[in-house]
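Take a look at the following structure, please.
Letters A, B, C and D name the chains as they come in the text, with residue numbers starting at 1 for each one.
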């Protein structure tokens, strides 16, 4: 394999994180996220989103974040609405159902949920013989790499508030979203348009860690119990504290995501010229293309890519992903390679 | 309201059941389904399906039967495949998910699942990041009143065996299925074409009760633990024993279902003549029609019907259901009424 | 076997119930507990407890009632406190844990929980590393047949209110409790000293059914969703409506329990004279005695009794139970038999 | 605070780990534990325990390891037996119950389970009205710091095999166990005396991570599905791969634990001379002492200690813990401090 565009977690982390880990390694700290680094990181995040009343918690991965958040919000008979491409609906091994809750999935065009999608789901849930949808789940960027516009998010959030629904945003790649050229929101804007969301560290230069941000007071109580019960309260929480305090100093978080997006756009532009058609608009660090299996086979011998979905006997949906550490030279070589494919 | 065609559980039960309840009321029996009536009923059912090695258990309702069966079969990461109209997917308040399992739903034409439907589901479940479908769930009659042909069921069951899947048949209305004029199977045929199924009593003349029949030896062990843990082990199990022993003496079970189907066909024939178009072929005791809301409103003032689904702002899917006790005179009156609607 | 004192659900039901079932059998009623009998029964119960704001729901058994009530009250990290002899702790196949909640059990003298017991449990649950006890569960009569005094219940309920805990009373044998000669409470008194309780029908002359009574407004919302999700919403809910409306007309409920207690006391008095020592005071329709296994073996050949617990290699705890239908002559014969044992 | 003896995860990790993280940071690796470091670490562990057929998986914490292991083994109605002091019974916020399973707890003298303890639990679980104990859980070191002898472990494991039970060993502090002066087993001995266990990294010098080792073939299938479903499949699994490959090179794992134990013994010896009585024999890196609250208050102002349990109004059980990084000078100062307390 020449180089991997398989995903955005193929490399370690940003150097600042390792350096700080090394520098602070001998310090004695409280366990379970009550260390000074976690406190610093929480303050930096609150400052960044300009919401000092929000609660911030760190957990180690996205599935963990989603299952803890969702199961903390819903009563046993309540359900979550998601795009059918949603991570919770497809890629979490039934983690949400394992906590007892139905995911009401709905077909979308490009991974982005609309008010009409939600209304369609709601229309026929009207008695105790059915689950009661109570939470809307969206991802930004979506699982197809698309990005919500401010007007879109506003309309969803307003609809939720009007209909007594909560809104949770899966921000596993929220760095990529806010630095997308299609984006028109700050992280603070997003934070103001949802009840809860999480900021993905793993896929944007952290060693590990996702920062759960709870804005709605109703959802804050005893949240650490949920984290602990699901086995997610890391004894050495300091690691995640260090990751996030480094990422949220000096705009490092945005810089890393920006680089990742730039590399992706460069590849996408080249592919467009070569006549490739994208499965979804390339708005962030993921590129989705349907290819015939022969090309896929050849390509994946030389470069790390992901086969996302089997479309039919002859074609597959593949994913090319760039990361905070993607080397531009390698991108250039890849483009050269594609020209000769 | 003149008369109710709302469902098949509006009336009590067949007289034989009340008479036997009265006659045996003072007898002392063991509790929790170990009474002589349950034993008798189990033997009658095994004889009827000609499968003396099957295990039979009684529980009080269909949702209970489904959730106990399904959660007893699946490992935590395994899932069940169902038509999107399936009772477990729509009408059980997330009961299956509440036991921890995803329902992988798939769109069908008429409520009947095909091999292609199942293949479509299976195709993209191929790693530990997704649930593992392990069980196929079908209903006969389906939730749209349609009935499986023997060839259809055979092909599904063979596919399941070839692909290491189990097959469970929800027989809440299995009496109506085996006495449908479209049917070409005996109850014994059905029993030989699945790993587990249940025979619905509630909707065919019992006071309450569904008979779970487990054919596959792998699924039999400690089944009573599952029943008890879900709160379904009735102390006076004798009631269900009496219901099923009466229903399975002298073909009463078939007679009652046959009557119900006959009444439904009579209504359907009349409606056809009046130009009504059916949402699904009328093959059993349920009739589904899309009507404009004005007609629905008028109709439902005079007769008990069910509004099954809101189609759009102006139209609803309604259901007319006949039962083991539906009075033919009332059917005739209803037809007269429809002629003048 | 000459006669069974195995339990209080060996016989059918009170004749009035069968008669009303027969008389009303052809009436068309709404399903799922929205029938006229359920409404009548609910009104009779509210009148009896003189609490017209309480919500009443019927389910088919005690384990079902407990698991639905408890899982409807607790958040995922919350737990229920119970005597170690409590039905939920021993005899429900982990039904409560299957809904995700720990039962914090505590040793008691006679099956009755005290404030000190509760305090002992609470003392060390003080961080997110432990469950948070939120609900106290008691049974009246207890699983050892003992009965709470009003002062005892008051002190527990007041403690609960002061400590932000809910109180649930398992009334599987509450008929036997309120007609015990040791009792100093009415059903209405009990209803005023708890947040939720259930009135056992199964063990006091009903064909089946337990009436859940929710007094605390916080616990009422969407309760039917919980019932349905656990498979406990009986399609022909009318059966339980009829059982409870018959039991709560003309004090039948108390009369039946009174008879059962009387029969038990008669046996207990005779045994006392014969020198038997009781494992717990005989306050209701259950008698507990430790016997050597030889006697147990002989006795259980001739009479139906329950072996409750294996004490050690040579001794077992047995239970003798009377019912609403226990025949006094048979009791006299049994006493005669014991005299000659 | 002069110095903390609060726990064994107050400091970062061993330097080798940070160095390797830094050195390998830019390497592209597969995600989700399929990286070269995880493979290397797995081989080192298998070599160390001399069991090349065992499966090894890494997860980020002890509660996570326990809940994944236990819920992967048990059928819904099965239960796990544990000492009442067991981590799963006390300190995991009901994580095991949250997966649906009862923990059958039993009082022990010193945190160590015996065959008699297990027999006592088993004796009365004999029907479908009760859970079915299927798994025995022990910790080594125990939650009281005590250590199993080989003969003890052999007798438990043999009993389990004879009684169709599985045995799981919680090895959160297994490093401390195998380097205890009271220990007579190698890690390989332990691995041969259980069906599954985990090796604690977090509390012995890793940044994070516990290595689950599955010896019994019955328990291996699809284990990664369980890990993923519980949100425990770390995207950058390489971190744990690096932690464990460093710890299992050149006996570092034992060296670190040995140091921790030595520091603990030094403190314990000094305290013994001062007349302190230990709550449990000091066999590893934890010291438990009941102290009056006044001393506790003073002590905890100057040194980090843990208040483990409130004994009564005047006394508490405290814990003093040493770690792989505990500085001997600070231990000497602490002893001096105690002499003057």
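The working rule: contacts are C-beta pairs under 8 Å (C-beta built on N, C-alpha and C of every residue); 3 or more make two chains touch, one makes a residue touch a chain.
All of these numbers come straight from a predicted model, not from anything done at the bench.
Enquirer: Please flag the chain sitting at the greatest distance from subunit A, going by CA centroids.
Expert: C
Enquirer: B-C or A-C: which has the larger count of contacting C-beta pairs?
Expert: Result of the comparison of B-C and A-C: B-C.
Enquirer: If you average the CA atoms of subunit B and of subunit C, how many Å lie between those two points?
Expert: 33
Enquirer: With centres defined as the mean C-alpha position, give me the subunit A-subunit C separation in Å.
Expert: Chain centroid spacing, subunit A to subunit C, equals 50 Å.
Enquirer: Can you pull out the residues of subunit A that are in contact with at least two other chains?
Expert: In subunit A, the residues touching two or more other chains are 76-77, 92-94, 98-100, 128-129, 225, 228-229, 233.
Enquirer: Quick one: in the complex, what on subunit D touches subunit B?
Expert: 71-72, 75-77, 99-100, 128-129, 132, 222, 224-229, 233
Enquirer: Mind pulling up the subunit C residues that touch subunit D in the complex?
Expert: 76-77, 79, 90-94, 97-103, 123-124, 128-131, 309-310
Enquirer: Could you list, by residue number, the parts of subunit D that touch subunit A in their complex?
Expert: Touching subunit A: residues 3-4, 6-7, 9-13, 15, 18, 21-22, 24-31, 59-68, 92-95, 98, 202-203, 207-208, 225, 228-236, 238-239, 304, 325 of subunit D.
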